[in-house]
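Presented below is the structure to which this report refers.
Going in written order, the chains are labelled A, B, C and D, and every chain counts its residues from 1.
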Amino acid sequence: MNEISKERWDVDFSIRLGSLILKNPLLAASGTYGYGRELNNILKTDDFGGICTKSITPLARDGNEPPRIAELKMGMLNSIGLANVGVQAFIQDKIPFLQSLETNIIVNVAGFSIGDYIGVIQLLEDIEGIDGYEINISCPNVEGGLEFGSSSKSAAKLTKALRAETDRFLMVKLSPNITDISEIAIAVEGEGADSLSLINTLIGMGIEIDSEKPILKNVYGGYSGPAIKPVALAMVHKVFHSVKIPIVGIGGISSAEDVVQFMLAGATAVQLGTVNFLNPTALTEILEDLVAIAESKGIRNISDFKGRLKEWD
Amino acid sequence: MRVLSNEKNALNIYSLTFESTSELLESLPGQFVNINVRGEDSPFFRRPFSIASATDDCIEIIFEVVGAGTWQLSTLHVGDSVDVIGPLGLGYDLDFTESKSLLIGGGVGLPPLMFLYYKMKNKGIEPQFLAGFKSVSYNFMPRNITNVHFSSDDGSLGSKGYVTDLLIETLFHEKVDHIYACGPEPMLSKVIEIAEENEIRCSVSIEKVFGCGTGICFGCIIENSLKRLTETGRKYSLACVEGTVFDAGDINL
Amino acid sequence: MNEISKERWDVDFSIRLGSLILKNPLLAASGTYGYGRELNNILKTDDFGGICTKSITPLARDGNEPPRIAELKMGMLNSIGLANVGVQAFIQDKIPFLQSLETNIIVNVAGFSIGDYIGVIQLLEDIEGIDGYEINISCPNVEGGLEFGSSSKSAAKLTKALRAETDRFLMVKLSPNITDISEIAIAVEGEGADSLSLINTLIGMGIEIDSEKPILKNVYGGYSGPAIKPVALAMVHKVFHSVKIPIVGIGGISSAEDVVQFMLAGATAVQLGTVNFLNPTALTEILEDLVAIAESKGIRNISDFKGRLKEWD
Amino acid sequence: MRVLSNEKNALNIYSLTFESTSELLESLPGQFVNINVRGEDSPFFRRPFSIASATDDCIEIIFEVVGAGTWQLSTLHVGDSVDVIGPLGLGYDLDFTESKSLLIGGGVGLPPLMFLYYKMKNKGIEPQFLAGFKSVSYNFMPRNITNVHFSSDDGSLGSKGYVTDLLIETLFHEKVDHIYACGPEPMLSKVIEIAEENEIRCSVSIEKVFGCGTGICFGCIIENSLKRLTETGRKYSLACVEGTVFDAGDINL
């Protein structure tokens, strides 16, 4: 168990994310940290500034057929397909442990209709110990065929409906598979979201030439890991210059340098995703390295990095 | 963790031992370690290997070079440091005191059974051990494992043919309560079939591509049997944390 | 000089791309092979199935200020900004060498208005030895602010205008920074394009944390190289199932395996881009390895790979 | 190409020689090779290095370890194979027979000047050579280069101070027609300034990040001087193919 003793550091890691105070700017990304308990014997889950749970849907879902993960050179593809225990079992079996954690619990919510999202949130509203919701709008919208997150109209409509349901911290997670992410960001901000998290996975594909088959049964999958970081950084920077609400950066983060890059580009906090698979104690190492970077730059509040990107003269 | 030895045991087969944490030393047969292989052509995911033995101060894995990751592992030198996590997975049900056990494996499916064998011997139990190899050149079975019957595809070691033929033969004249099997999928399917016919309890170790090995990526799924589907309402189990050892009746291979 | 002796091979490399016959399915990608002459002492430029020139605009352009290239872990960013000699100097100084090559010459055309594109093409129409045009629609459209390639309406309008100008082979190069690439592909096909090439670069960004500056003066750049291959493959596969005209696959190709993957996904031909920077003799090596793969699969016509992707059962 | 030797010459400085193609053996001073460095942390782009010498059967480069690529190069062993392309770039104008030349360089800016020096000596010309180092520990100048005046930041080698101070001093009592300079940008700027004041022709070697080194990526640009802009209508030159040696009057550093 790698425990983190904040006392010996001269850097204040706490940040304000909308109405939340996080003890540090590192959250576990949805779908890459299970229900928060799995790694608790390797890493003190409490050490995260927050946990975004696996996406929760109204009913339990088995997800897509295998193979549904595959490795690439600098990243991976997944077509898990929102496998999860469903909101009822989540409340019964997963919430008690999450409640016991001294960190912010953000439940990631997904659905195939606005009613799905509302259904999940209504059941969760009565449960204590949930600090907020992250809305995964990269799920296929049954009506239009495309994702909720692929048009500003549908993204705004969904945000508006959910804002009416809850006073809790409401963060909308944007898809990068989009012509103009700022347009979606502005629409979602306009309907009262407290924060934006980005990016979800890029759509990708791999082919195995011996079998001449796609590496995923589902053909397409979500591309994550270090390879997508440059795309994520550009989108965070662009959205930062388009909205006022705080941004949580996601995409390929695996080192303290990466965290600082995202904060310089405008992120208030970040999420660790695929790196948790490769290095279950990444959080601890990143926090330690962040101290070194902050100290070398004479920075005492980690939030001072935010949006501090300099221009070329 | 520091590499203590890395020796070529047989054709393309290496035995790698490394210094071990106290947690690792308490590992159970059937559990595995997950190794972050670094080098010129580093694979992205960690690489899982069954624990082949655990002594007071070290852990052993036995691996075959089949691709970039295992090749890289084969180049490790004594004293190199290697990023290992584990023990992971549930391991074998060690409730075997009453029953007569048979271990059956092929190629690099044998290491977890070797570990199981050592544990059984420690408890004074002598299981049957059936081991199949492509040929004698691949044989890496250590001398301290006795009572093994070998088979090989070309007859260069033990009886010629599949190790499952040996199983059928053995079951003619021996009573077995519990079969523990690990190896390539076609072999496992055959073992399960034979066990079912003979109504013998059968535990199998499953290999899948592992994204994490720790239960957080939901990638390493194996289909549940109708029985387990009915019990749990779930179509799949996670091989890494709900296995890698499963009761043959719980899964569809 | 690595010369390629086709005689010793049992594989027929020639392919039909619309009205063109290419001696092999490998083209040099625009902006990554200069004007065709630069590497001619290292690699016989003739060995390419075709050359897509640097993007040509009506007037000479210096391009963006430096730094305008930067390396990443598995790719690079560029913000060259369409630096080129302009169509007049192109005709005068560059065309004669290109005419001397025994390969297909495809002039890549770019502009900031429909008039720009028309202007370039009208001047080139009288020149012999040009086998076709590749239209780069990833340039900012002055009217709307966005790229021509970012809406099916503007892409269709541009294609229609250019189709009216030329009977030559007309290939439109699609941008991946888009919500639904199929929509653009269908629109462009509808206006008479002979072929589609995809993808151009993904928008990306890098930050250097010591200086706290973007690694490019221009902040954003085009992300290319192996890291973008999974995105390109998915798009080629998707477009292949949406249109009938042939597709030229681009994005991170650096080996014969990559070429086969793109062809399995539906590409008729492919382009080599960033790999030319790293390995100027990549073409030769890839052709040799392609023979080995084709032979191991008993394939005698390279075009048999096209769209042959198998499904999982 | 096969590595023939890789020796540490000074603090963090290595001299690497490799077998050479006939093309490489004809390379000119000021030309460079571009190396595809492979290994655990391989950089994406090739790494450019000036040719420090070319004999009948090998090419030499001298490099300082400053990052992952050069670190990886420092680990190469005799017999390893290395992916080198070249010679690239235009090299120095070798029309120096008539004039009195002075070579001035700092640190790993010196290798191309060393090559130039050898060429001049072969033609019976003995140039002035001014060489600056951080300190004596970094000095990698081979013995066969005579007539060098050294400077070092700390005075541990030659005169204390900048090599440009040496230049000013030299120009007090010597007539020079042509200065060849290579080194860090601040040094080059100062050399150009001094050359201009004294109306001496000055050729400088430029370092930029190279995407290709072969003129096809259009990334390695250097701003043209007003004079060259007027002549060519172009704002930039490509350092890799139109240089890396430029006449000081042609560019804005």
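By definition in this document, a residue touches a chain if its C-beta (ideal position, glycine included) is under 8 Å from a C-beta of that chain, and two chains touch if they have at least 3 such contacts.
Computed from a predicted model, the values in this text were never measured in an experiment.
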With contacts defined as at the top, give the pair, C-D or B-D, that has more of them.
C-D
Chain-centre distance (mean CA atoms) for chain B and chain C, in whole Å, is 49
In whole angstrom, the CA-centroid distance of chain C from chain D equals 36
Could you give the separation in Å between the centres of chain B and chain D, each centre being the mean of its C-alpha atoms?
58
Two or more other chains touching the same residue: where does that happen in chain D?
none
Listed in rising order, chain C residues that touch 2 or more other chains are 72-75
If you connect every pair of chains that touch, what shape comes out? Choose line, ring, star, complete or other.
ring
Give every touching pair of chains, nothing left out.
A-B, A-C, B-D, C-D
Counting only contacts in the complex, chain A reaches chain C at residues 65, 72-75, 77, 146, 150-151, 177-180, 202-207, 209, 211-214, 217, 219-220, 223, 226-228, 230-231, 233-234, 237-238, 257, 260-261, 264-265, 293, 308-312
Residues on chain B engaged by chain D in the complex (per definition of touch)
38-40, 42
Touching chain A in the complex, chain B uses residues 36, 43-46, 83, 85, 208-209, 211-212, 214-221, 233-236, 241
Per the contact definition, I'd like the list of chain A residues that touch chain B in the complex.
31-34, 38-39, 42, 54, 60, 62-63, 66-76, 78, 80, 83, 225, 276-280
